[in-house]
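After this come two complexes, each holding chain A, first together with chain B and then together with chain C.
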Partner chain A sequence: MSQLGFPLLSIIVWLPALGALLLLLVPRTNDELSRRASLGVSTLTFAISCALPALFNPALPEAAAPAMQFVDQIDWIPSWGISYNVGLDGVSLWLVLLTTFITPITVLSTWDSVHKQVRAFQILMLLLETAMIGVFVAQDLFLFYIFWEFTLIPMAFMIGIWGSENRIYAAVKFFLYTFAGSVLMLVAIIALYILHRDAIAATTPGYVGTFDFGVIAEHLRSGSFVLEAGLAQALFGAFFLAFAIKTPMWPFHTWLPDAHVQAPTAGSVILAGVLLKLGTYGMIRFNLTLFPDASLWAAPAIGILAVIGIIYGAMTAYAQTDMKKLVAYSSVSHMGFVVLGIFALNQIGVSGALIQMINHGLSTGALFLLVGVIYERRHTREIGEFGGLWKVMPIYGGVTLLVVLSSAGLPGLNGFIGEFAIMQGAFMAYETGGARILGWPFVAFAVLGVILAAVYLLRMYGGAFMGDVGNPENAQLSDLSRREIVVLGLLCVPIIAIGLFPNLLFAPMETSVADVLHTFTGVVAGR
Partner chain B sequence: MFNFIWLIPLLPLVGFALNVFVIRREREAGYVATGAVALSFLVALATFIQFAFSPPAEAKPPRVDLVLWNWISVGEFNVPFGLLFDPLSGVMVLLVTGVGALIHLYSIGYMHGDSRVVRYFAYLNLFVAMMLFLVMSDNMLLLFLGWEGVGLCSFLLIGHWFERRTATSAAAKAFVVNRIGDAAFLVAMMAIFAHFGTLSFYDIELADGAVIEGFLERADEISGLIFSIPGQNFLVSTGIAFLLLIGVTGKSAQLPLFVWLPDAMAGPTPVSALIHAATMVTAGVYLMARTHPIFELSAATQGWVTWIGALTALIAATAAVAQWDIKRVLAYSTVSQLGFMVAAAGMGAYVAAIFHLLTHGVFKALLFLGSGSVIHGTHDTQDMRKMGGLREHMPTTFITYLVGAGALAGIFPLAGFWSKDEIIAHAWSGQNFSIFLLLFVSSLLTAFYMGRQIALTFFGQQRDHSYHAHESGQVMTMPLMILAVGAVLAGAMNLPMLHWLSTWLEPTLHEHAAEFGVTQLILAVVTTLLAAGSGYLGWRYYVANSAKIKPGAKDPLYRYSGDIWEALEEAWYIDRAYEKLTVVPGFRALARFMAGVFDPQGIDGLVRGVGYAFSQAASALRVFQSGFVRTYALLFLAGVVMVVGYLLII
Partner chain C sequence: METIPIPPVDWSAITPILVVIGWATALLLIDVFAIPQDRKRVTGYLAIVGLIVAALAAIPLWGTSSVTFSDMLVLDNYSLTLNWIFLLVGVLSLAMALDYLPRQEIEQGEFYPLIMFAVGGMMLLAQGTDLIVLFLAVELLSITLYILAGFAYPRLASEEAAMKYLLLGAFSAGFFVYGIALIYGATGTANLFAIGEHLASPAAANGENTLLLVGAGMVLIAFGFKVALAPFHMWTPDVYEGAPTPVTAFMSVGVKGAAFAAMLRILALALPTLRPTWVVVLGGLAILTMLVGNIAAIAQTNVKRMLAYSSIGHAGYILLAIMAIDAERGVQGFLFYMLAYALTNLGAFGVVIALEQKDEAAWSLNDFTGLWGRQPELAIAMAIFMLSLAGVPPTAGFVGKFYVFTAAWESGLGWLVLVGVLTSAVAAFFYLRVIVRMFMQESTYVTEATAEARVVGISEAKDASPLLYRGLASGITVAAVGAILLGLIPTPVVVLVERSMLALAP
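Moving on, here comes the complex of A and B:
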């Protein structure tokens, strides 16, 4: 049981799933009721999850165990050391909140964008929420893997059933690609379990092993469980590949544009808003914590891939004519920043990466919603079809501008904080001896992504929103409805708030990030 | 007052919020916006006066530092959201709010009847707030917030009439070109933090007694440090200063990034006056003055700064000579004058740079507003070939414009004479003859193109009778008159014998007033006489040839210069070169190739290839799934044999 005496975290995890069960009681034809029920459940989940940052103790002393808070643990398959074990620390805190925040917003957007089999869609949405929160809080590798795989299924269905023309191809590609990555991770998890069990059993006969991630990490740190360097690198690679595909990192990104273009708006929002963060979360939680030496070894190579992704994603985004595809490729660029920050392996870089995950979830989620708004009205997303939208739909134009600027990293808005912290971290990523992990050359290239972000986003904004209303079909478009204003307005609040008061987010994550990084004591900031 | 300096940027910010969310009517928008900036000016003035007569005693040298909240704090990375009021900030704040308020007032008349006027005032307020953050920040990061914030407002205001394609593309161009400079600025900040562990300019004592260290007073710590790229070693200070310089060339429209400023004239004219003449574009000069300890560590960068400034001054001045658009003359003139300031900063004459920044802010705002009055009075005519003889229809505009032009040309005793002369005197006494020559020629050209412009606009006969020219209303002429008085008197703030500004800025810029001897006096007399002569020449020539000037015709001087004139008109084809030759088309082609071929065929091709290989292998294996029990039995038997065999061998 957690420090509260009642299973707060488990309630947050399972409430949406329970809601999905309840939705089965709603008549299949009653679309309005199933939407409302879904909105109610996800809003309730968000409301409860707001207790997490309020009750979270940010100043947990580093030495005091456990670093995890709100822990609920029940034995599940004791003979293999598998337990239901959830907990929360500063790394996962805001990601859980991002999930519970984005989900009701997405549900609210389905009023305008999902018109067939509404009940089924809402059920999938709620199941997906449970799975996503589960990934962020699972402390048992086995449980983590189950949640991880379970996020795939609802998403694949969302793309495959509610998507556009080429949806089956995109859904299958999405499923197979990410699944192939995770199978390797499963192998690595089992290998880790066996290696750990055998190592401990050598001194403690009869040890059945454990999938408890915290225990394995603790044994690695204390030295009672030692991984040979080559083996550690192989396991690191297996975990990393799964996460890199999910993120997606260049060159594993090609499923993303297909998935986004075919997915319904709500699916894209969840995919960009939360699902991509599963990958980068996994890198911090597993790669850095379990395999510090291998992380250090691989950091420069991964840094290069990340920087390639930043520039490549941005350039490819520039050449798109479909707004949704443009936003999809911009995700490749932005997630490249996140990975770069993680493998700076210092406090500021990893903190920056974490806050950038939140930022990307908010602004890219909002961008997909915005593209959805115009798609609902005109059934096209080609930039060339538009022009002068700002004149016809002034509120829509204004909100889009704000979100575009956030995505382009304008200081004062959220995106800047993350990008700056990440690049500052990469700039100062040196080992104690002065050996370079990343250093300024990485930043010199990454910063091109900042320029290019302005280029491709302004190309979209200038093309579709500015200029004159050339196309008569656009002359009579209606501005944002009240519901759309609520949906987008809710996203704009944190976009501004994080830009001005990022410490609200940084402060609770400080100790936990330091905890993840404390095996990298050799890594220094500055020189 | 010192505890209320946060009001200075907050008031325009409130004006912005009101105009975005509450106000819907033109009248209220103009009053609220103007009132907010005027109030902000009053607060700034009160603070300034208090600072002058009873400076805060606790800080040496005196400065006010107000940390509003802890902005970013990650590990050892600490940046407060802190405001600074010191002599340098003080004069900048007065310029921004003072000239800003007048331009807001003028806008009420100029923008009357515009379809998006409320939004216009909202952006204008936001701009002033951002500019105030820029000059009042106590650290690099908050300065950068203002720096990009003013860039955003510039984008919004250039694109105010976004129905016009030229406005949209000019706005995007301004933002993107500035972004190139901003990216360099970002890296410079990271380098500063990596070496000093702080981004604050000066030591700040927080309320709880903790001290955030500043880097400017410790700049010497990086002197002699080097970093290397293969085959080459650089001073760290050179790296940082050079990156900042790239930022400056973007924001202050210097070579090679000046190309956005002439296009920016697509925005409403008061915007050109406020943003693209008086305040935003001078931010680069302010930045160099503020961070001068870093620049002074790198002689190499200072050389670059000086040359960039001087060359920009000359190239832009030559371009200004050949323009027909009344605003483009002023735009190139601004680029050229910014070149003077940058060159001054490069020579270490920071006081002269700031002095020229301040006087230029006044008289160039006056000229732009005057040109706006002309455009307004001639019903949106901007081509000077269609003007002529306007002095009779617009007497107030004419007189004030004359004062502004005289100030810009450096005619004694107007403001520009004192400040520009100080820069030229520095180039002379610095023994740098080529720089001196570049600046000297530029200043003669300045007088010439202003003489030309006055002749074309206000003298001769009206060449196009399709409009009825009239003088603008009082709400527009009043700011012109106030600014004209300023353009006459502003030079007084740093008269050669009194050095008020030098003394005032001494605590921040650590620069003693230059001596004023006989050489300087002779130089000043010669410069102003030659400038007056050059101006007269320009005026005389175009008045005499006014009969040859027709809409669409070539310049009378074209006869002598030939096609060089076209090169001047196109500012030496620098912009065209970016557009047509290298950067832009190359980038576009590469991006198209990546998006259209490499990504779907190359990378995704590999992915699909793997998938295809699997499905082929699977169909190959399918022959074993024949459905015949005997085949399965055979395979089963083979399997058993293998397993048993394996076990036996072990």
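Moving on, here comes the complex of A and C:
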């Protein structure tokens, strides 16, 4: 049980799944009721999850192990040392909130974008929410892997059933890519478990081992469990590959444009908003914490891949004429920033990466919704088909401008905060741990990426919204409906709020990020 | 004249087998004399009752360990757990056959007792500790299956399957007997405990043991045929495709499980000292089997053949557990995997049966197209089975693979584990393809029944789909629920298999 006396975190994890079960009672043909039930459950989950930041204690004393809060732990398979173990720290706090915030918004958007088999879609959506929150809070490697893999199933179904023409190819590619990446992580988890058990059993006979992430991390730090360098690098690689595919990092990104373009709007929003963050979250939680030396060793190479991803994503985005593809490639670019920040291995870099994860979830989620709005009206997403939309749909134009600027990183909005912190971190990483890992060349390319982001986003905006209404088909388009205004308005609130008061987000994560970076000696210099 | 002393016999050690065999013998007669031709289903129900009674009769034996018939048979927790798994396999197969046989108009009362005899043979394989007993058990099992494979008699494919299985079965039996002879020649005994003792003695360690190695190799080949290890797997797709589907389902889990069970006992009791030798041989076979099974399955468009190749692939994973018997979790992993695999594979074949019409080889992937729209429950069940076979959490298949891979890693077979996970990633493709067909493609396929229904004015395609009969539906439900429960709450079964120790000495 947690410090609260009742399992708050477990309720947040399992409430959506419970809702999915309840949805089975709704008649299959009653679309309206299943949408409302789904909205109700996900809104309730969000309301409960708001208690997390309120009750979160940002300044726990630095402990030997990652200090988790709201911990619920029950034995699951005792003889293996597997337990149901969930907990929350500053790293996962905002990601959980992002998930519970994005899900009801996405559900709300399905009124306009999902028209067949509504009940099945809502069931999958709620199951997916449980799995995603589960990934962020699982503190047991076995449990983590189960949640991690389970996110695949609902998402693949969403793309495959509700997607557009080429949906099956996209769904299969998405599933196989991520599955293939994860199986190596499974081997790494098994290997870690056995190595740890044998190391501890040498001094404590009869030790059955554990999959508890905190315990393993604690033993690594105290030195009672030592990984040989080569082995640590191999395990690091197995974990990293799974996360890099999910993120997706260049050159493992090829599933992303397919998945995004084929997925229904709601699927794209969840995919961009939350699912991609599972990968970068995993890097922080597992790669940095478990294999600090290997992280330091690999950081320059990963930094180069990240920078390539930033530039490549931006340039490819510029070449797109389909707005959804453009947004999809911009994700590759933005997630490159996140990885760069993480492997700066200093406080400001990792914090910036976390903020950027939240920001990317909000702005890119909003961008996909905006593209979905116009697609529902015109059934095309080609920039060339539009022009002068602002004149026809003024509210739509205004909201889009705000989101585009946020995504491009305009100071005063949320995007700027994350990118600035990441670049600062990468610059300071010149001397992390006594080794040169990143430094100004990386920052230079990152800056180029920011400029390119402004270029491709404003080109899209200019092409579709500015000028005269060239195409007569666009002249009669209706502006945003009340529901759409609510959906997008809700997303705009944090976009502005984070831009103005970034410290609200930074403050709770400070201790936890410091704790993750605990082993990097250059931490103090990085602050 | 001196009388031959009869060794004391502990009948309780073979109670479950006695119940099964005795019940089956009686049922054969009852079927002929008491059950009218049009009510053969009753025989099936009686057979199911018999298997359940045997399972209940085994409960009081838990925890006891005894050796009887001059050390030729053993009762330990290992064999008891296997007996339960085999009885479950028998019950589920019978439940599925109850619908299948009348629908295919091949119902004969003998079918049900024959399955019981086969189950008896499987249980004997799990309990035998003497090569001769194992040979008898293999033959009991195989002979019944030769008949069962050809049970859809006028259908050519079924006859072909029976013939093929018979020929290769006879071939492998030859290997088996010759192997036993050579082992007997080398060690002077056919008893597993005695062979183990002989090999552990210092004299054997230094001496020449070519004869024994050749003999052991031949026994291994015989089992390789039975469990369908590559390169002894050639018969599998043809036989699995041709045999009546419930028989295929039964073979794919039952025969495989029983033969592996005996193989494990041989390796653990008789040949532990030769582990460095056989680990290399079996390791090569395991890699080959995992590759061949999973890669060949990709090319199949016939679901029955695809499941046949997938079962070859799974034999490779089970072999990993068998090779890991020196690690504590090897035996456990084998038992857990067997249960998970049995439930899942039987369920998958159950769905194939549900879609199979009379005179119609409805095994093409196309028949699964749009199943979600026609029969959603069936589609969801099949999706669970496919995900479980692929090893995606939270299903039984995932926990089983996890168990086996952990055991294999513990016993130093890291490379094999790597091949194992990579081939399971490959395998995900063809399992996923079935799901794609069922959920993501619209049905363009019109069965004859649907067309007929349209003529008489029933527009709902759903009404025209083959009805799910109670036996089949409950079989599939049990398998699907089991596959999910075993994935979410594996603890009770883990506790069970952890206590299922092998008796290592008489």
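The rule is simple: the second predicted complex is superposed on the first by the 512 of 527 C-alpha atoms of A that agree within 3 Å, B and C clash if a C-alpha of one lies under 4 Å from a C-alpha of the other, contacts with A are read in each partner's own complex, and residues count from 1 in each chain.
Here, a residue touches a chain if its C-beta (ideal position, glycine included) is under 8 Å from a C-beta of that chain, and two chains touch if they have at least 3 such contacts.
Please read these numbers as outputs of a predicted model, since none were measured by experiment.
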One more residue to check, A:Pro502. First (chain B), second (chain C), both or neither? first
Which superposed partner A:Glu149 touches (first chain B, second chain C, both, neither): second
Check the residue A:Ile348 against both partner chains and state whether it touches chain B (first), chain C (second), both, or neither. first
Of chain B and chain C, the partner touching more residues of chain A is B
So in the superposed three-chain picture, is A:Trp440 touching just chain B, just chain C, both, or none of them (first/second/both/neither)? first
Just checking: does A:Ile77 make contact with chain B only, chain C only, both, or neither of them? Give me first, second, both or neither. second
Between chain B (first) and chain C (second), which does A:Leu176 come into contact with in this model arrangement: first, second, both, or neither? both
What part of chain A is shared between its chain B contacts and its chain C contacts? 176
Can you list the chain C residues touching chain A in their complex? 387, 392-394, 398, 402, 405-406, 409-410, 414, 417-418, 421-422, 424-425, 428-429, 432-433, 436, 439-441, 490-491, 494-495, 498
If we count contacts the way the header does, which residues on chain A are in touch with chain C in the complex? 76-80, 142, 145-146, 149-150, 152-153, 156-157, 160-161, 167-168, 171-172, 175-176, 179-180, 183-184, 186-187, 190-191, 193-194
Which residues of chain B touch chain A once you look at their complex with the stated criterion? 69-77, 81, 141, 144-145, 148-149, 152, 159, 162-165, 167-169, 171-172, 175-176, 179-180, 182-184, 186-187, 190-191, 193-195, 197, 227, 587-588, 590-592, 594-596, 599-600, 603-604, 606-607, 611
Of all residues in chain A, those that touch chain B in their complex: 173, 176-177, 251, 253-255, 312, 315-320, 329, 346-348, 351-352, 388, 390-391, 405, 410-412, 417, 420-421, 423-424, 427-428, 440, 443-444, 447-448, 450-451, 454-455, 458-459, 462, 466-469, 500-503, 506-507, 510, 514, 525-527
